Amino acid sequence: MTSKPISRYPVPQLRDLPQDIRDRILAAQEKAGFVPNVFLAMAHRPEEFRAFCAYYDALMEKEAGLTKAEREMIVVATSSANQCQYCVVAHGAILRIRAKNPLIADQVTANYRKADITPRERAMLDFAMKVSRQSEEVADADFQLLRAHGFSDEDIWDIGAISAFFALSNRMANLISMRPNDEFYMMGRDAAAKKD
Amino acid sequence: MTSKPISRYPVPQLRDLPQDIRDRILAAQEKAGFVPNVFLAMAHRPEEFRAFCAYYDALMEKEAGLTKAEREMIVVATSSANQCQYCVVAHGAILRIRAKNPLIADQVTANYRKADITPRERAMLDFAMKVSRQSEEVADADFQLLRAHGFSDEDIWDIGAISAFFALSNRMANLISMRPNDEFYMMGRDAAAKKD
Amino acid sequence: MTSKPISRYPVPQLRDLPQDIRDRILAAQEKAGFVPNVFLAMAHRPEEFRAFCAYYDALMEKEAGLTKAEREMIVVATSSANQCQYCVVAHGAILRIRAKNPLIADQVTANYRKADITPRERAMLDFAMKVSRQSEEVADADFQLLRAHGFSDEDIWDIGAISAFFALSNRMANLISMRPNDEFYMMGRDAAAKKD
Amino acid sequence: MTSKPISRYPVPQLRDLPQDIRDRILAAQEKAGFVPNVFLAMAHRPEEFRAFCAYYDALMEKEAGLTKAEREMIVVATSSANQCQYCVVAHGAILRIRAKNPLIADQVTANYRKADITPRERAMLDFAMKVSRQSEEVADADFQLLRAHGFSDEDIWDIGAISAFFALSNRMANLISMRPNDEFYMMGRDAAAKKD
Amino acid sequence: MTSKPISRYPVPQLRDLPQDIRDRILAAQEKAGFVPNVFLAMAHRPEEFRAFCAYYDALMEKEAGLTKAEREMIVVATSSANQCQYCVVAHGAILRIRAKNPLIADQVTANYRKADITPRERAMLDFAMKVSRQSEEVADADFQLLRAHGFSDEDIWDIGAISAFFALSNRMANLISMRPNDEFYMMGRDAAAKKD
Amino acid sequence: MTSKPISRYPVPQLRDLPQDIRDRILAAQEKAGFVPNVFLAMAHRPEEFRAFCAYYDALMEKEAGLTKAEREMIVVATSSANQCQYCVVAHGAILRIRAKNPLIADQVTANYRKADITPRERAMLDFAMKVSRQSEEVADADFQLLRAHGFSDEDIWDIGAISAFFALSNRMANLISMRPNDEFYMMGRDAAAKKD
């Protein structure tokens, strides 16, 4: 569909990668139907790739606490503030799918304060944005506010840690000029997929 | 599709509006297949509605100079910086259609510097952003740079004036919490519509 | 008094302009005693001129709700934040006259928080500034605060819309480097004109 | 003319002040025709008053190098950025008188980049603003640029030191809510005083 | 020395931790002479701990390319901009030791532009700061500038990736209010340790 | 220890300075055990030197109200925000000594919100930072908050005036690229000096 480079750096061939990385990538491909460019671009550095994926899985694939859709909302809101094209587009797609809502990603990208979210989610995103943009001002009062919305302290760690992890991820994507796969743009936009 | 309010203010019924405004709205409906919410929300104030539409038409429907796709690019880039949900979503749709490019709007929204645009378009958007965010620093050097990219002085007025008009438009939409029609989200995403 | 250019763009001769624009300009001249440069500079684009004037009149010449002095206060405060020389100087003059207060414009220009205004006007200007600088954060709480000061929802639209319109106007003036007429600087400074 | 307080703090009576401070104030009164409020407000702390005046005199009453009008330009431009009502109004008056130009102060206040100043003065104000707002980035390249405009290194110290001194002065005025005398607003606005 | 909490979250006992984590912590203790608080605070989440350490090691313990002192400089400069007390204090200590320079950490913390560093290091830190604070604007021109200073593209990845990793790390430390060990403050300040 | 220049400007020899300035410098030398570079660098301009020292003494050597350690805390917090290497390093040393706390200066430098300070000191520093960075927004509510922490209005003047004076001082140091003496880095770090 496009032959634009997906990274400023050399992109390895799947066959040249260590087995564990190749396995990880093939698993991702099976899930998505294509290999998300982040895997190929980051595989330029196998050690960092492994740590990146392990960190990502620990935060994004966790079953308890925040829903997976909520986790993606945090990614999209903070990545939009950081102007990270890759994460906004790719995680926008995942958010649409996980929330079963074809509109939510574009809403959160444009201005999360006006998105169709609950007051609890709004508080979650306000905090995620504070961690993303002014973490030096995080204070006990922020924790109290989130607890009043029913978040446990472990949930709050999750919110903050996802925001922090994508502070890393967004900067890496901007550093290497990572390009989102064309496939992401349309994923989850099918009205039939919507929550009734 | 949704019953969320489209404005903080009362939204008039079409039948209660003055004839010229009703005509304008029906024309828009015929073109889009639905009534874009901006028309109903702004029609709360008929005088302002008329001026708004006249200004819009003068800048966005002009045939010479910038292409219509370029005009929409300016809208999307500056509206994203202003976090205007309505304009990002609605004009994102129009940009996709006018550029015959299903990816361009999301790219420009996330980070116009990484979008699939020409160096000339990049210079255009840099200037539009400067007018949008630091117009007090606009200087002759900006004009020289744009002229070097082949823009005439009338083109430069267009770039700046579109940025300025959407500085107004974005603030109005944020003021009244204007909601984009659900239809916009999918418009122009059809791969078949793409440029080869 | 000065022969400095009043715009980066060609300035039309009155005799070359369409009749309706010439009439509008002559009316302004009769009122002010001179032709404010904004009319000549904007007349370079007749369509935009007409829309600009119509929008301006709808917001600034309205009789009900906010007083005319309050409307000018909004213009001066937001134009100062946008560093628009033309609007600060020209509307500073109009503010002095409409408020019958020779000090108020310079006070609002320098720091509206320290101007001789009422708490109600302070709340009005705080909101106008929010629309001007961070409209993405406008929220219901802002409306509640203004209502507590006695503003109706239509007044709030006026405050926000004036701020939004001058977001456009300030950017146009900065874009074309519009120069205020020398006459504005002294208008309304006569102590005798003051409110007793 | 007004009975508004001139400071958040107690304002001493002239007769209660130490002789040297009273003499300084009477000299200022003789020069201006009234006692500028800064003297009375700062005299609340005699030690600080003396240091403040000594510093002021060393920078603003110096005969060589920058003209007195240029020194005042620096004060007005940086005080406007710091939103210091007292300094913008009082030094705006002095600037008009020293530059024999009734327009210059309002121009510099609104946007010094659009004021009727020479390229040399523009470079001077750009540097003064850098010292005022981002002094941490001052670098050798700034000195080279100013030297190319004919400024000596001692002139550059003056520019920076005036900007630095008013960083103090503006903060003190904002801290104690110092009010400019009504007399300042009209001083130097007489067209007859203008440079021909 | 202090009994202040080292984290907002529960801090595990060494004996309760999985073997691999305990080993990692004991190794750190052996190296430093004490257990750096980051290990205990982050061990609250074993999965994230492992990924965090693996990422850290990949970037900070690498032998080729940037020196270890240069890597620490990047950490200190960006952590200071992010106001991360833990990283400024702990990595300040490591920087002093690795650079054999007791002054360098405080210099870089206060204003890296005025630190005793080479022009090459200055370019490195300018870029690290750009990745840290405006990664959305990273462009080819930045790469060209760094190459002109002799950095390879792999070095540039290192600079950017360290900046990105500490964008994460600083936010985690601010989120959980991580407290640096008192021991760090004095480490490497011994004049005898200095480079001659 | 180092032969790096201590100022961008010529540094006078002690023997060439006027007697009163020489006396002042020798007194400082006796107290510190070395001549702090600020004295030599500022002595390039004797008039300004005298005013600077007089202002400094009036604010920093005062016996009543704020403790001397509190005064130094204000200096370190605001100087860090202004990225003034000289003041962060030199006054960091004085803060350690006056507070008898070897950790406090580095804590306040990195992020005063996380330093080991009392809520009263936190309120003091919040206000000092507001005066330093947004003095235009200082309001009665700030005074009320500080009074609730037990500060008198004269204490509040002191807080604000110290912040304002170092707004000047930081800019001068950045302007002339003032270098802190190497001796400062280690002063007051002796654990034995600590408060028990």
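For clarity, chains are labelled A, B, C, D, E and F in written order, and residue numbers in each chain start from 1.
The criterion applied here is as follows: a contact is a pair of C-beta atoms (placed from the backbone, for glycine too) under 8 Å apart; a residue touches a chain by one contact, two chains touch by 3 or more.
Because the structure is predicted, anything quoted here is derived from the model rather than measured.
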### Query
In this assembly, which chains make contact with subunit A and also with subunit D?
B, C, E, F
### Summary
Common contacts of subunit D and subunit F, by label, are C, E
### Interface sides of subunit E and subunit F: same vs different residues, half threshold
same
### Task
Going by C-alpha centroids, which chain is farthest from subunit E? Tell me that one.
C
### Task
Could you please state the distance in Å, as a whole number, between where the Cα atoms of subunit A are centred and where those of subunit F are centred?
44
#### Entry: Length of the line joining the C-alpha centres of subunit C and subunit E, rounded to whole Å
51
### Contacts with 2+ other chains: residues of subunit E
83-84, 111, 113, 136, 174, 177
### Query
What are the touching chain pairs in this one?
A-B, A-C, A-E, A-F, B-C, B-D, B-E, C-D, C-F, D-E, D-F, E-F
### Summary
Per the touch rule, the subunit B residues reaching subunit E in their complex are 111, 113
### Query
Of all residues in subunit F, which touch subunit D in the complex?
8-9, 44-45, 47-48, 50-52, 54-55, 57-59, 82-84, 131-132, 135-136, 138, 143, 153, 157, 160-161, 163-165, 167-172, 174-177
### subunit E partner contacts - residues on subunit F that touch it in the complex
2, 4, 80, 83-85, 88-89, 92, 102-103, 106-107, 109-111, 113-116, 174, 177, 179, 182, 185-186, 189, 191
### Query
Across the complex, what residues on subunit D touch subunit E?
136-137, 139
